[in-house]
Amino acid sequence: MRTIDDFTRPLEYISPMDGLLGSIFREWVEKDVMPYRRRFDEDYMDHSLIHPPFKKLLGEYGLQRMIFPEDLGGWGMGRSNFLCVAAYRMFEEIARADSGMAMAFGVVYWPLLFIALEPHENRRLLEEFAPMFCATDEAVFGALCMTEPQGGSDIENVEIVKGNTIQTTAVRDGDEWVINGHKLWPTNTGGLARLMAVVCTTNPGSNDPRDIAVIYVKDDMPGVTQGPAYEKAGMAADRNGDVWYENVRVPLWYRAIGPGDDAKYFGEVMATGNMGIIAWISGTMMNIYERLLDYTSRKRYRGKPLKEDDGVAGLLADFAANIEAIRIVGYQCARMCDRHDLYGPLWDPGLVAKMRAQRYLCMDRFMDVTGKVMNLMDAWGADRDWDVEKHWRDVKMLQMVEGSKQLCQIEVARWFYECETL
Amino acid sequence: MRTIDDFTRPLEYISPMDGLLGSIFREWVEKDVMPYRRRFDEDYMDHSLIHPPFKKLLGEYGLQRMIFPEDLGGWGMGRSNFLCVAAYRMFEEIARADSGMAMAFGVVYWPLLFIALEPHENRRLLEEFAPMFCATDEAVFGALCMTEPQGGSDIENVEIVKGNTIQTTAVRDGDEWVINGHKLWPTNTGGLARLMAVVCTTNPGSNDPRDIAVIYVKDDMPGVTQGPAYEKAGMAADRNGDVWYENVRVPLWYRAIGPGDDAKYFGEVMATGNMGIIAWISGTMMNIYERLLDYTSRKRYRGKPLKEDDGVAGLLADFAANIEAIRIVGYQCARMCDRHDLYGPLWDPGLVAKMRAQRYLCMDRFMDVTGKVMNLMDAWGADRDWDVEKHWRDVKMLQMVEGSKQLCQIEVARWFYECETL
Amino acid sequence: MNGLDLFPFPKHRLQKTDLDLAASLQGLVEKQVMDRRLELKEDYEGLLKPSLGKLMAEIGLQKMFWPEKYGGDEHNQPAASYTVAAALEQIGRADVGLAFLAAHSLALQAALALEDNYREEQVAAVAPLFCEGNRPLIVSFVLPTLVEEEGAPEWRGKGFQVKAKGGAGGWTLNGKGVRPTCSGVDAGLFGVACAVEGEDEPAFILVPGDAPGLNRGAEFKKTGLAASRNADLDLAGVQVPAAGCAWRGDAGFFKLLSWYYLGLTAAGVGALLATYEILREWGDNRVIKGRGHIFKDNPLTAALMGEIAKEVVVDRLLAYDLAGMLAEPDAYGGDGSQALFTSALMLAHQVMASAEYTINRTMELMASAGYAKEWQLERYWRDIKTMQCYLGAYELAKHDFARWYYRTNTL
Amino acid sequence: MNGLDLFPFPKHRLQKTDLDLAASLQGLVEKQVMDRRLELKEDYEGLLKPSLGKLMAEIGLQKMFWPEKYGGDEHNQPAASYTVAAALEQIGRADVGLAFLAAHSLALQAALALEDNYREEQVAAVAPLFCEGNRPLIVSFVLPTLVEEEGAPEWRGKGFQVKAKGGAGGWTLNGKGVRPTCSGVDAGLFGVACAVEGEDEPAFILVPGDAPGLNRGAEFKKTGLAASRNADLDLAGVQVPAAGCAWRGDAGFFKLLSWYYLGLTAAGVGALLATYEILREWGDNRVIKGRGHIFKDNPLTAALMGEIAKEVVVDRLLAYDLAGMLAEPDAYGGDGSQALFTSALMLAHQVMASAEYTINRTMELMASAGYAKEWQLERYWRDIKTMQCYLGAYELAKHDFARWYYRTNTL
């Protein structure tokens, strides 16, 4: 019997812990997620079904410690040059069940990248936050708070807007930053996040990237308010809400790296985030393949199983071919995020542009071919029980993460064609 | 200035001779091909412009010796596990100027794969043919003669048709095969081929793959007739014609490998051929990128260079993103063709299906996005002088090589979904 | 100027009554559905059911084709196709699911009560279900589809879900796990395509929702079309009188489906018009790339907005082309012909695929507002996709196209 | 039954003379072009030029709109749009390039001699060029496009290639390296869109091919449209009398272009009909997957053939929708309006993109026969792509769509 493991992976890139992580995640997915996932949509507000598997994975298995140094109770993967390919495997396995969970899982690490990666490891902050993640078996979520009510992706569009539209302010007051502002949509908010990296400005309206600051805020600090989770077309496990900061005071050293560097290393978040999106897509497609194989083997047309009709097989082939391509590209992206010695620094605009390029291309391929196979399933394509419609709804939400397709296109064009005024 | 060398290649896969080959080919392309290529279309019959650069590359530089063992005057690359990634680089460099030349170049080696690769190296035939290729500085072309007047790709569709439609016959007569038949369309025919591998049957109408034979025939043998080159929509450097075999007599040991194995190892031709098509596509796209960058920098719209319009930039980004994806996938395919230790034998139906999948997907992407950028160039998109229309015409021809898209789809579906009746 | 006037359509071919109906529907759905949606979301009891009642019974869409003597409006000329198109694009603009249900009712009315098809006995039996009282009658179909049963009798390659046995006293229907086209939970009348035991010619048999032996499963969850609370059915020896057979043979199916596809197409156009309106408002107000830059002024987002408008233009023209073909049977072969059936199926798929693409891309443009339920766009996306699925697999529809245009009779 | 009857179109809206013209064109092009193509290929002198003569001068397409008193047929009602569509799809079916040239002539005739636009002085000056003698008059346009010159005056973002200076004695035109829409080598009359020095309103000025100061470059090679031997032009102080200015301002351009786009669209549909015919024959005769299996019976190839038929259906409907819009100015805003111009541009792009896709996929199906010149298919593919390029960049057309549908006036 052909399975999802028959699809190609670039074997030269696979991480040493791939086999172990793969089997742990596969079992967890089968036992703790698959049986419940068809009820996740209605659980978007409470997470009464969604939270328990996270508690097991992040807290009990301890995956939330992954990126912290070993001497602080972590697994030291922040220093590994297999971080991203290992993450790719984990992301895929989770996304096979639920891409919202995969995204929520990925974003746990997102705000920590600023302080956990070389050459800008911030030991003092790692020590500060390690206990929160490493000394508990409860799930602890992080969030990276960027988007603001005005302008949407504009915050992400650093090259052109240069942070001059950021409305969330950090004002120095003695040894503290005083933060005020309003963020929308961060993954793992809606009451979930314990630790937030907040993108703000130390000088509103400035075009100087040194005034863009990333400052950590804990959920239980006075002045922090998280609103309830939004209701969306899908992706219930990715909780998004408003976050308000009202005279929130944090120590000065809660700033991630420092003037200039906070903006510069933002590229790392972008590069790895876009790589993650590809993994979530290909993981999802693995499951669609499984469901499709089942469906087209059972349903009949012209006296034969549906998959035995040459015309139908043509579309099934397209689906498999797209999985192959997306996965190959996805692993290459992960590899490029890992191996700075070969492919240059993770924050390099060229690398970021390449990650963005593949992410939006993969997304387009997914929406196109998944839309088609969903329709191939006739009325059952729209059934919750066949899971394809869920993946289709969920993945569409990923298209807007880290800026729209149009923003991606502009960044790609800017780099590859050296456009100057976009 | 951004150049084609800024596009991603998986650096871990690059062959040791990549730098050397790359610079030789790049210089040859710039000096010997680029200045003439706009007149190639009208040269399809005579090859008076097309032949000289081939003479230099194949004969004088000696590239046609590449696959033969070193002790026979060759370069020994038939035994290298970098053969395909090295070929990928060469293919891309040539295709940047002319994908028809790249294909004609690739097909020089095609008929030789049956006898030059492990585990079925045929020393006696290598010795027989080595002088023809290695002891001359004239260009020598090979051809693989498959397609017949009836049924087109049916010959390639071995799994379902099992060779029972092959009309070209090889009848044993003492120590000789007597070959009769009519082939259409082989690359490097139309009077060019010196050595042909002819796909024929030793038992017409048989469903037994052991009756499929690949037998070598030299152009100067009595009874071999090559017709003139066909006129096609493009790809003038790929000369195709009819070949007739009328009681052509060759020694029995001119059969490539032997009963069963001739059919079995056909997969190698398919796998590498499909990989080659991807390289020809991505090489072509490199040049389109260059031309497009020039065009959109020079032409103006709304008071700015065309590329500075956000809407235009969006499409330019799509083009760059597709190059990235196709090239990453193409190199992965080449790597999979090289590293049997990791990815299994080159003739494995799964590997062949995966190569077919990526080839037709890349082709679809090319036709779609190149069609769009061509239209972006307004009236100039259809100009010979801007080269894009040439690549567009040429690459389309590649879509039919080694069987149509539909045949590819069927093979992909058959493998990934275990279809039994396609 | 709203989309209704901006996007070209053959307004001059519509009767004044059509335009009046469209105008009053527009007012009704805006007030009844669109204005209350933020609060009531996709609530069936609170929003969709009452709206359906207003549309079908009060405004009277379910009475449209039936003769006046049975309480209908006797609007039963072929040109009623324009009325269907104009009405359903209005309803679809507010809620695709409501339009989807209305399309079922109107298609069945057309198939039974259109002048050419009119059979007194048939109409006399069925019209009262539609015209008497003031409650909406939800119509659903059971059509040949992809089935798991080996050896099931087929129509154009797809299996019949229900088998009928004829007899002196009428018909006996059996089928297990039957998937209706809509509203398995709520439908009051099912039109069931049946294979007839021992005969080649299929039958279309009308089964009242309260027929003994007809059992409804639990409502299942699906992507969209909340107005259609669907469930699988079991038919265990359901008895139907002989007159319950609406027709035998292909022509009747072609008729019914041609009108049904018109309805779905118009509903799709409605969703597109709504999409355009939402996007237009967004484009006028959203700021990108820093202060003072309006969304619609950026050449990249404007280009995509332009393309979206083009899709709406094309799809609306095609929907009215289909209406025109039905309106002029002499010119296009009429609604029982394979030619017209094929065209209708082609155009329905064309518009559905375009609508999917268009709304998908509009979501892309609106980023998170595109998928937040609050902004009301994502619902059209889910609804269209669901309707497309219920329309049937496009890969197989292409075989229908080939059957007519290449006479590939072996398919 | 050929494609002309099989694919739906509003035959009943065409006059008998339209249908007769289409029928006689069909016969003519089959005999004159299609039957001789295998032998003469794309030969201009031997095949295309004589055919153009027959179509334009003998059959008289170049006289169609002009008043009878000037030797024309005075077929100058808006409904002549149907005649244009019916004629050009026939010609395009045989040779897209010939239809492309005819589209130029007919569009200019419509812009100048249509009832509403009629200006006696103008027509009196121009009609004789078309109606006198028996030689074809090749019409070409010079339109705003992408230029390299910095600061060139623009129309909707594209640069004018020619600048005109007005004066008491007439106009003086200058432009270097000007790219006409067709036939730079052969055109007898150029319609030139000019920026007017010192004024905002552009002018459309008619320049006879033999005007002193008008110099033609060498014919260049291009993808397709062999009937249009194109070359760049230099205009060095070309003098044109005052009456040579056909119009000032946007409305005239909208008129001309709307009719022009109709012509291109119909030519595209012609290519699609030919594609269908070639494929249908292939499908009936080609054997695949071993003995006895006909191409059209395979579910995969049949599905794609079916999809191709759908594209033809949709595109033909759209072409006639556009004809219908031009035919009924009261309903759709008329041919000088931005609304109709936008629709025409949308539909032309829609049909061209569909034709590209369709022929591309047909080639895929026919494998090597698809790209061998012998099989006659690949020519349509090259021709359509070339015509699409000359239609202009789609990415920029989308801005035109946005200008009308979202009022993005900053673009």
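Each chain carries a letter (A, B, C and D) given by its place in the written order, and its residues are counted from 1.
What we mean here is this: contacts are C-beta pairs under 8 Å (C-beta built on N, C-alpha and C of every residue); 3 or more make two chains touch, one makes a residue touch a chain.
Just so you know, these numbers come straight off a predicted model, no measurement behind them.
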Could you tell me which pair, A-D or B-D, is linked by more C-beta pairs in contact?
-> B-D
Which chain is most remote from subunit B in terms of Cα centres?
-> C
Averaged over CA atoms, how far is the centre of subunit A from the centre of subunit C? Could you give it in whole Å?
-> 38
Which integer distance in Å separates the CA centroid of subunit B from that of subunit C?
-> 50
For subunit D, residues that touch 2 or more chains besides their own | 299-304, 395, 398-399, 411
Could you list the positions in subunit B whose residues touch two or more of the other chains?
-> 302, 310-314, 406, 409-410
What does subunit A use to touch subunit D in their complex?
-> 302, 309-314
Residue positions on subunit D within touch of subunit B in the complex are 145-152, 154, 157-159, 179, 181, 220-225, 286-291, 300-301, 304, 356, 360, 363-365, 367-368, 370-374, 378-379, 381-382, 385-386, 388-390, 392-396, 398-399, 411
Residue ranges of subunit C in contact with subunit B within the complex | 298-303
Which residues of subunit A touch subunit C in the complex?
-> 38, 41, 147, 150-154, 157, 160-161, 164-165, 184-185, 230-234, 240, 298-303, 306, 311-312, 314-315, 367, 371-372, 374-385, 389, 392-393, 396-397, 399-400, 404-406, 409-410
Would you mind writing out the residues of subunit C in touch with subunit D in their complex?
-> 6, 8, 10-12, 276, 280, 283-284, 296-297, 299, 302-307, 309-310, 313-314, 317-318, 321, 324-325, 328, 330-332, 339, 343, 346-347, 349-350, 395, 397-406, 408, 410-411
